[in-house]
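By written order: A, B, C, D and E. Residues from 1 in each chain.
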């Protein structure tokens, strides 16, 4: 049994005018335990929508999502099963690094000592012990994202959802964090669903890449990446996959260009 | 050596900060003196020297301090009360869209009415004691806190709310542990503005019935044609108001940084 | 000025041409039972307007303080108000007293539990401010009962709120003028504790209520006009005394006060009018001294003060 | 068919927009009625029905309109005057840091002083006519425009200034063609707030001897024992203030969009 | 004679505390007429500082800059010689596309007709005629940048300075605009100094890449790119250059990481 089973999932946004917008159209996807999945596609193709539907923050219009064989809507203690790493970190500016990481745990009935133990463990994992008493504004962008990752890890959920967590970072920091994420994912043996619109990133990270298509949001292809990690971005295998996906997306890009989103 | 220099620097810079303030006072005094000379009507606009003399008399007799303290006590009380009323209501209105939609017009309808107009009702409902005056000041100081609290809560970065939800937090926990701290800088700004409004309402409030306070002093000075007392009261209000605002701005800045 | 009128008004002093007058005569009044309202309603001012080719403007003030402010700023040249503001206006705003046209209008109103002024000891009493005529009268009343200012809690408040405060039991008494005095009586919340005349019988057994003040420079520049205005007020005063039952309707129309309240005030002798409205020096003198004693005025030579500021001629003519 | 539906939709939505307003009025009436019943003092707090009756009388006699128009004229005049004074000064202060440093304390010292306290000086300098009242209102309405103009000009995106410089524009051209339009939304907000402040000052302004206006009506109502008139005045001030604010908010929104 | 001759240029920023920060240290660089130069380097290496010194918005602390053989500070009518394309477009939100493009010309003594003619010409060049009456907020990010480019072109200066003009755009739009920029540069035969921290972008665009180094800001290398345009990002030549620059920058990146800018 797969961890996630998405079947015929559609999602309609109700817009103000009374009209509706089909953001996800007949999505079918299974994710197995421990897998690293990347959702890739042009802006507006519904990547975030799909992710937040998995996070139960959006309700499907039709279709079903099973989590551990159970209907997603019925999963109890949802926050112990699924955690999220947001784009632009979503840290609480008035809390220190340590407090940010511990914040989700404060609503669980845990002893203080347990909470400290957990946060220390994951702060070590993302190499932030030295910065634990700093406020987010004192951190660089990359460090903020590491706090966000540590926070999600500290929730010790099976599934971690990530919405373009590295989108706002510069190229160097970004590739560094990608490396780190892969090693953490291996260490902690989590299941990750990762949204990106960067082709290189998707190929570098994913076990399988879910290429999506806009208008309506559909799955265009699911591409397995078989090469061993750490992956060499200049290898021929990498190149080929990159060019294949580029070609796939090209048509979309032109479409987007012609319409010129306003 | 380096330390010494930085100390000199620091002293120098804090002196630099006070200079505009001193220049401002000098500027006002000069304009005032010229105004007094042009008006040439000592019964209505005495010059700075006359007012300074009255001020010294009032300092010596203790009245200046007494009136200032009396007014400040009323204002602080009303301001704290406003905060206790407005922050909870503001938080609730900011969180529950329907409630905001319903109550916002009520606020906007009542807000334009000057505290002055409320005096008769203040006397009727709260009497002429402290509570009547406090009510008049509350009318002036409630809305800035309320409106800033609502906008602060509504303006909380939605991603923080999403994060809170994803932690499995209850609505109450999201409100108190996320919305409230996130809105705090805006609320503090509201508190500062509100203090200013309260301070401006003191003359109206002390029309309710009083025996002390700067507003009383000014009202009384007007009645017995003692413009020196009136202007002294205005100067005290200006300076004390300025100082409080400066302190609040400092707090606001600190708050802003810590976020 | 400069308008030659062929038809001679009967009461004119003889001149028919070029009567000097300002374009507008600004007259400060209050929304209470003041004779200038009657002069206005009965057209006594209109006669002067025609004669001098000028215009009367009655400007309403809530109390004597702002009225004195306007007088000092030369924004009004005539003012009718309580005797204490009148004396402050004479001292500081260049005013001159020309008439005393209301003898009564002030009283101490108390709740039912207070029977004498002495009962006020330790109680809270409201007054309309140090610039009012009520303040010295209150002090005098207390003095008469053997009390000092500190023996009661004196609270300054707007006269319009006093009866509310009394009704709510927040004050035991207040001193004010009509209609604020009559209001508490008509609602049953209060009673007259003492009337001003009992505290300070200054003229014909009455107190000195209100007076008319003109700016000295106005009187100097337009002596005839000043005389005619005083006469118009005397005429109005005579009319009030002679037709007491007609006046409530007139006042009500002029200031909007309810007619029944005005009637009640007159019936209770809250407002008392007499024909002799000359600024009687003998009556005024103790009053001026009192104000000085209480620190409301800072007149250095009290004995000379009145000579310089009161013109008896106008009303005696 | 589709068009019809959208028309129905539109009407429906504009009705929806008015509903909270109507509910607000209903809410205030109910609270007021209850307040009147509890106070049980018709001479001081007449209920809504009594006030409505007075209101109808005043409408029929034309006084309601007359007083409202009189007040509005004064306020609009003072407000326009404030804008003409404050916007140029604010622009200059926003552009010249030294000047701002020097004048800011002056503003902050004068700002806390209530318009009420200025009445005697208003009478002295400007008399009891229109100009005296306008002065009192200007005292209240000047500062919001001034402060918003300064902060709007100082807040102009520095890259737009850099761009202007790179075009070889003179400082004057940068000020008038770049800073001023860029600061316009903030200035418009200042104008809105300022109108509100002006409106609140009308009671104080019309304490300076007047024979018309809502403030006069309220002051006079207090003196001649007509609480129904006082409360009617408050209601008119509330409603008119609300309507103007709504119009300004709309303009503000349009301005914001167009940028 | 080269268009720009920079000799021993240094620039010190005076910081608040009274201390100073050496942002440019002994820069020597010549740019010839018609050349496309890219300034490449990690964040904080002084790219923008160098650019704005050329734009005369910053004053050199020492050294000299010659423009057309003349001292830069003495160039008259500077705005007719140098124009700038800013990061995040720097368009005036209250002006239409057309008005934005014409705005710099309004202070020159030109006839209305001339101005319209010029703006029409460059609007056509960047394919924006259809959008000329739109306000910036109605445009997509890529279109805004094209307006910025058209505005700089319409100033008809010899030298155009560009400070990461495509930094805020998504990958697809970005590569499209790079293509366009190259073709416009050829058509209009301008000299361009272009700041970027994207290696691929620099290789795709430049005649010569100026690789800079941080702390203090120095020129590390000047690499000519000889391959013919349009360049193929998957060609071996491209790859090699890319890896070479990456290796060059690697050391810096680590440095930056250790120091963790706060």
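We adopt the following convention: a residue touches a chain if its C-beta (ideal position, glycine included) is under 8 Å from a C-beta of that chain, and two chains touch if they have at least 3 such contacts.
Only a predicted model underlies this, so the values are computations on that prediction, with no experimental measurement involved.
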Q | Steps in the shortest chain-to-chain touch route ending at chain C and beginning at chain B | A | 1
Q: Name the chain pair with more contacting C-beta pairs, choosing from D-E and C-D.
A: C-D
Q. By CA centroid distance, what chain is farthest from chain A?
A. C
Q.
I'd like the Å distance between the centres of chain B and chain D, where a centre is the mean of that chain's Cα atoms.
A. 19
Q) If you average the Cα atoms of chain D and of chain E to get two centres, how far apart are those centres in Å? A) 48
Q. So how far apart, in whole Å, are chain A and chain E when each is placed at the average of its C-alpha atoms?
A. 35
Q) Which residues belonging to chain C are in contact with no fewer than two other chains? A) 66, 69, 72-73, 158, 160-161, 164
Q: Could you tell me which residues belong to chain B and also touch two or more other chains?
A: 41, 44, 120, 124, 222
Q) Given the complex with chain C, which residues does chain D contribute to the contact? A) 41, 43-44, 119-120, 123-124, 127-129, 132, 207-211, 219-220, 222-226
Q | Residues of chain A defined as touching chain B within the complex | A | 55, 57, 77-80, 82-84, 86-88, 90, 92-94, 103-104, 106-107, 135, 137, 155
**Q.** chain D residues within the chain B interface of the complex
**A.** 20-21, 23-25, 27-28, 35, 39, 41, 44-45, 101-106, 108-114, 116-121, 123-125, 196, 199-204, 218, 222, 227, 230, 233-234, 237-242, 245-246
Q.
Help me check something: in the complex, which residues belonging to chain D touch chain E?
A. 157, 159-160, 162-163, 165-170, 173, 177-178, 181-182, 184, 257-259
Q | Residues of chain E touching chain A in the complex | A | 42-43, 138-140, 143, 170-173, 176, 197-199, 234, 239, 243, 249, 253, 256-257, 260-262
